[in-house]
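Take a look at the structures listed below.
In the two complexes that follow, subunit A is the common piece, with subunit B as its partner first and subunit C second.
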Partner chain A sequence: MNNSLHPLYNGLAIPFAGIPQADAGQFLQTILDAIDRGRRIVSYFGIPGQDAVTLVCVLADKSEGRLGVTRTAAGGGHFPSLANLCPQAQLFEREIAEQCGLIFDDHPWFKPVRFHRPFTPGRDAWNRPAGEPIPVGVMDYFQVEGPEVHEVAVGPVHAGIIEPGHFRFQCHGEEVFHLEISHGYQHRGIEADLFGGPHPRTLHHMETLAGDTTIGHGQAYCMAVEALAGLKVTPRGEVLRGIALELERLANHTGDLGAIAGDVGYLPTSSFCGRIRGDFLNMTAVLCGSRFGRGLLTPGGTVFDLTQGQRDDLLRRLAEARRDLTGAIDLLWNTPSVMGRLEGTGTVSLEMALELGMVGPAARASGIKRDVRHGYPFGIFRMTHLPVATAFHGDVCARTMIRWQEAQKSMDFIDEQLRQLPSGDHRVTTSPLAAGQLVVAMTEGWRGEICHVAITDDLGRFARYKVVDPSFHNWPGLAMALRGQQISDFPLCNKSFNLSYCGFDL
Partner chain B sequence: MTDIIIHCSVALLMPPLLLGVINKTKAAFAGRVGAPYFQPYYDLFKLFRKGTVFSETTTWVFRAGPVITLAATLIAALLVPLGRHAAPLSFSGDMILFAYLFGLSRFFTTIAALDTGSSFEGMGAAREVTFSCLAEPTLFITLITLARMSKSLSLSTILTYPTPANWLAAGASMLLLVGALFITLLAENSRIPFDDPNTHLELTMIHEVMVLDHSGPAFGIILYGAALKLFVLGAVFVNVALPLTTGNPLADWGIFIAAMLGLAVTIGVVESVMARLRMVRIPQLLVGATILSAFAMLLVLR
Partner chain C sequence: MIRALIARIRQGHRTMPYPAAPLQMPERFRGYPVVSSLERAAEEKDEASPCPYGAYTAEGGGCLDMGKCLFCAECSAGTVEFTTDYQLAVTRRDHLMVGPGADRRHASPLPPDLLRMFGRSLKFREVSAGGCNACEADTNVLSTIGWDLGRFGIQFVASPRHADGLWVTGPVTENMHQALLTTYEAIPAPKIVVACGACAINGGPYLDSPRVLNGVDSLIPVDLYIPGCPPNPATILDGLLRILDKLK
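After this line comes the complex of A and B, so read on.
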């Protein structure tokens, strides 16, 4: 039993001072013990201070619906690394090193994540000179040597219309031995900008953390602010948010299903899904006027209400889209050549997914029952439980199947909620944020678990605001899925994960 | 003389139309209107009016690639009889020349790709030669089988040999040959299920990735050459698969053109109803085609 893990719940604020400060050994042992018992790292970040970096780690429990938080102070510029014992800490430690200039000793892959300057000028973990620009993606890549081994570099400029990222393959003929993924091309400095927030633009920044996850990130931010301000969102506001979140999931899952069909060269589903995705986006536009849900959410509820006419319109559109989508997806399952292409490609085993701490549809496709809506319910999902769809094989086919099953459940959910829309107001007025608090706000975006952690200072401003996009957990999963695969299967595997570049780069 | 003029004009003008028909068919299956039938012609005109960029790392090989490829395919087009009319060029043994003209054009496409030094193009070239090693025997065995049936080594005789009567006499062989030739036609022209001509994913392409560095008129020549190759191999297929002859030269030309358009629709349907194969499965299908043609030869030789 370790006593330095302080319990807390999704979307509830606790006093930051109430979290006991552990010493370094106790802090690391707490994390290791928790992971041994099946917990996982949700967020792990540093707060740069005068002479020490405060490290905060949020761990999720497997079953109890409860989170745990622990903190320590790391002075002297060095800290022991956990990455060798616990691979899911690997990226978090590199991120802390880059942001706070803390050097993690014995880290196996100690290189920058996003290639930006540290929060505190001059405290650079790699002693990069302050005057010179930092070229993104320039680092020592892992290399395989031997006869007939060759290296293929893809990106950051791609042939298709996707975001920039660099992929380094170590290949033996057509077989991939190792894939290393390098990011940072989309880094905007969102977290650095949030010190001393919230600013008037903060909500808009949150909505565009990952452009396709407006509601997911927007709601996580609103939940954090509401918890700090002591607001209670009305039932109608919660239902409207839930509908918007599921519409976002539907639009993206539909787009992904079409893109997967397109990647294997199966045109009918690809074309139909492209159009039906537009139908779901247009339904979001009925809610707020923006196809991507921009400007719908605000701390305290939603900016727009739903009229009776709009409700009926949505129900009608939903029924039509459901019919079309079912037809388009059934084509996919009924075509043997498509199934032959998807099955057994890019497999991530259950053990691997657990070890890497993967989240979202990619984790559920490997058999992990992990869904924030179910495990740490928030908003309307505290009242209505969506079943969690899981698969076992962890291959591209499983990830495709999970998307379709989730899409069906989301359509059921929206239909049900629209028919029993609670009356009352959709918005409450805001109040100032409480001082000296910590809140963890988690939502289930369409890519998986989104985690925002806000810590306020004595004046009720953000002393630190940490964002973890599901892509941060899942990119290593893609790299592992490619091991032993054909390099020609990479685009299909990549599409089946469809991770965010800007959500990772922040 | 009239036939030679018609032969040349059909062979020169029709190929891009086949691509237009394929694309229109695929669009219909996808519930779209699709690009106009003549879009491939517009694209070629556009490309021929553009400038060309040559990488500094490339040599004359890179520039020669498209030209030699097109020239070889054009000569091959003169060797194939179209619509039951003898080809403008024919001599005993021209079937060997025909097969190796494609070998020459492939050699220059791959060596021009290697000339760029790009890892993608290297991968594409490796794939192209691997798969063509497996596709070439099928074409050869098919031609040998037909040569054996028609007791000739000239394509003009070989490919006009299948008449309704001859077809029925050797029905089993002919059916096997038609199957083998259709698979070869799809493989040689980088169509689904072997390659996806519409993909933009550089890691999965075979033919498209080899020509990534070509631009402007050079790229136009490549596109036109690819369409011509589809036309030539399609004409071989139509000659074997459709032994109809009316005796009226103009009617035969009409039947031929209709058959080519029908073939384009068929390719479009195949591309619409199935997905691309995994790359490791492609050799299996190609070897399967070789076995089909080998069986056809066995039946003829017995």
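After this line comes the complex of A and C, so read on.
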């Protein structure tokens, strides 16, 4: 590893002062070299300071489950942009600019991400006056010009019961030349609220970062706190968390499989999956009373234990859901009209997925073997290894198949874990957080890699808490998947990614 | 085709008999609070760890605001306990206050003129204004075959122009403020408004965050409040059936 890249591991805290401070050139070169060697940006963020913004970049090294972190101080309000050389840095740089007021020189798309005020009042990268409202979605959209080229704008309020976002299509007839996606409508200011935390509300904010990923984000937060407090979660606690995480994956994958079927007009699978998704949510409710896993996780383990009766109930429900889901999904592969719509639609090539730094099922559908449970194992996944399924076409069909394969493996995992639940406590008591530490906590949510980075100050409070939802890496992937497609294929492509708006907007 | 028919037979008829038969809630579901536990919490009041949302106050022998309550698994305000009673929806904001001596409230039917108009066909336009996608998901689930919302004449529609009411989830972020009002204005009168979930009622986990507006009723009048974070589909359906006077 390069000198300025300091090694660290998922879920282990290191002293922040131990990370050597690189100068700007060395910092940028470290990132570029790492990308050249097949590493990628997991998280890249700024910590606003008195005179300079401290930039911290976490890079993933696929060998040996190792991560690397590098930092620098960016003074003077300007910093060179990497976005032209390294597209996966594009959104991260805009986010840093918006939060910390740092201007990235020569950034090709230098515009706001979420349309909010900077962390430090007065340090605005676009010199927007402090007294005036920031109109959301108003920015300089990329436009295609020429005869018969037209623009289609959709959102923020969409046709179904879904979250708000704004989409601009540049079309030539039915064909989409380009799609630009503008977010920020769901911005609740979560990262700004986290300074000086953890607060009494912090766990609730973590559970609602993306409400359909309560366990994925909740576990990442718990891992970060546990590393900072030096807690060791018991095996029983880890297994219960693992079961909840896989139930969350199953519920959402099932819902997506049904929704994909619905978007191609195949109602049997759509109807069946809509109901079976509820069966998985109700299994989570057996664990903790909430269908979304609210109140299950706590730093130190789980709030609830599992009784023998509940375990048997879950095993019975799982067997029924598996039978129903298998029957519903098998229909897809045997229906030519469905396959005809899925195959070859919304393709993201392997090269594109690598370049954008995509994660989760969408990356695996393009042939990238990338899964936190496998590459940077955490919790029970250190002990039990789930096989990673990949496909290579990168189209809607591949993203559909990946979901079904993962669902099957999750069901196997839950069944196995329920039958061999370790005895002992499910929870340990918490203790105060260590001062001056940095921890990277990554989990594999159903959408992909979730990364939380916590840095504590001299008193053990959060000097910065950074959240990266998998959607942050993958929204540009959806935009690229639409290039050259019919605009009428957008709902189907969108559903095959099913990315989070609130997880992106924070 | 034959495979689809066989699969259909195997899956069976799965629409639940509710409301003809009662619903079975999960053992650990947290619904209506145990009133005696509110009084107990008032006596053992622990100043050190109040509810971070001010949902519980010790005044008057213990009062819980179900509009602010997130129904936490471990109530930081003390010994507040919850029953599995999911029937929480009400038509007035003050009916969400639970305490000793307070009447058990449910949503009341719409006024007769609205009931005549919407009683057999009620269409909603949903707007997620900062929601985390949990309220949205459990609203969506009502349209699946298990709940089959359509059998009650209720449907979610794509355009506000086709709607009789606005269905709001989320704390109303600054960035959704205008879009929410524009959607409301686009719905032809008379119209009703539903605040679904703790966020839409009072800001939920984001209460008093500088980027949110603490729920929808500061902006437009609300006709149905559905508490929970998120509300269980059973809680949502209970509220809907009650305002349409379909629950006897």
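General observations
The criterion applied here is as follows: the second predicted complex is superposed on the first by the 505 of 506 C-alpha atoms of A that agree within 3 Å, B and C clash if a C-alpha of one lies under 4 Å from a C-alpha of the other, contacts with A are read in each partner's own complex, and residues count from 1 in each chain.
The rule is short, and it goes like this: a contact is a pair of C-beta atoms (placed from the backbone, for glycine too) under 8 Å apart; a residue touches a chain by one contact, two chains touch by 3 or more.
Fair warning: this is a prediction, and the values are worked out from it, not measured in the lab.
Of the two partner chains, neither subunit B nor subunit C is touched by A:Gly46.
When the two structures are aligned on the shared chain, A:Gly367 is found in touch with neither subunit B nor subunit C. When the two complexes are overlaid on their common chain A, residue A:Val303 makes contact with subunit C while staying clear of subunit B.
Shared-chain residue A:Gly184: touches subunit C; no touch with subunit B.
Contact with subunit B, but none with subunit C, is seen for A:Asp263 once the two complexes are overlaid on the shared chain. When the shared chain is aligned, subunit B and subunit C each come close enough to touch A:Ser271. For subunit A, the partner touching the most residues, choosing from subunit B and subunit C, is C.
When the two structures are aligned on the shared chain, A:Gly165 is found in touch with neither subunit B nor subunit C. Residues 159-160, 268, 271-272, 275, 335 of subunit A touch subunit B in one complex and subunit C in the other.
The touching residues of subunit C, when paired with subunit A in their complex, are 3-4, 7-8, 10-11, 14, 26-30, 49, 52-53, 70-74, 76, 126-141, 143-146, 156, 158-159, 167, 170-171, 173-176, 179, 183, 204-206, 209-212, 229-230, 232.
Taken together, the subunit A residues at the contact with subunit B in this complex read 150-154, 158-160, 174, 261, 263-268, 270-272, 275, 335, 337-338, 340-341, 345, 486-492.
Against subunit A, in their complex, subunit B makes its touches with residues 26, 29-32, 119-120, 123, 127, 192-193, 196, 198-204, 212, 271-281. Interface of subunit A with subunit C (complex): residues 114-116, 133, 136, 156-157, 159-164, 184-189, 192-193, 199-201, 204-205, 207-212, 214, 255, 268, 271-272, 274-275, 277-278, 281-282, 285-292, 294-296, 298, 303-304, 310, 324, 327-328, 330-331, 334-335, 500-502.
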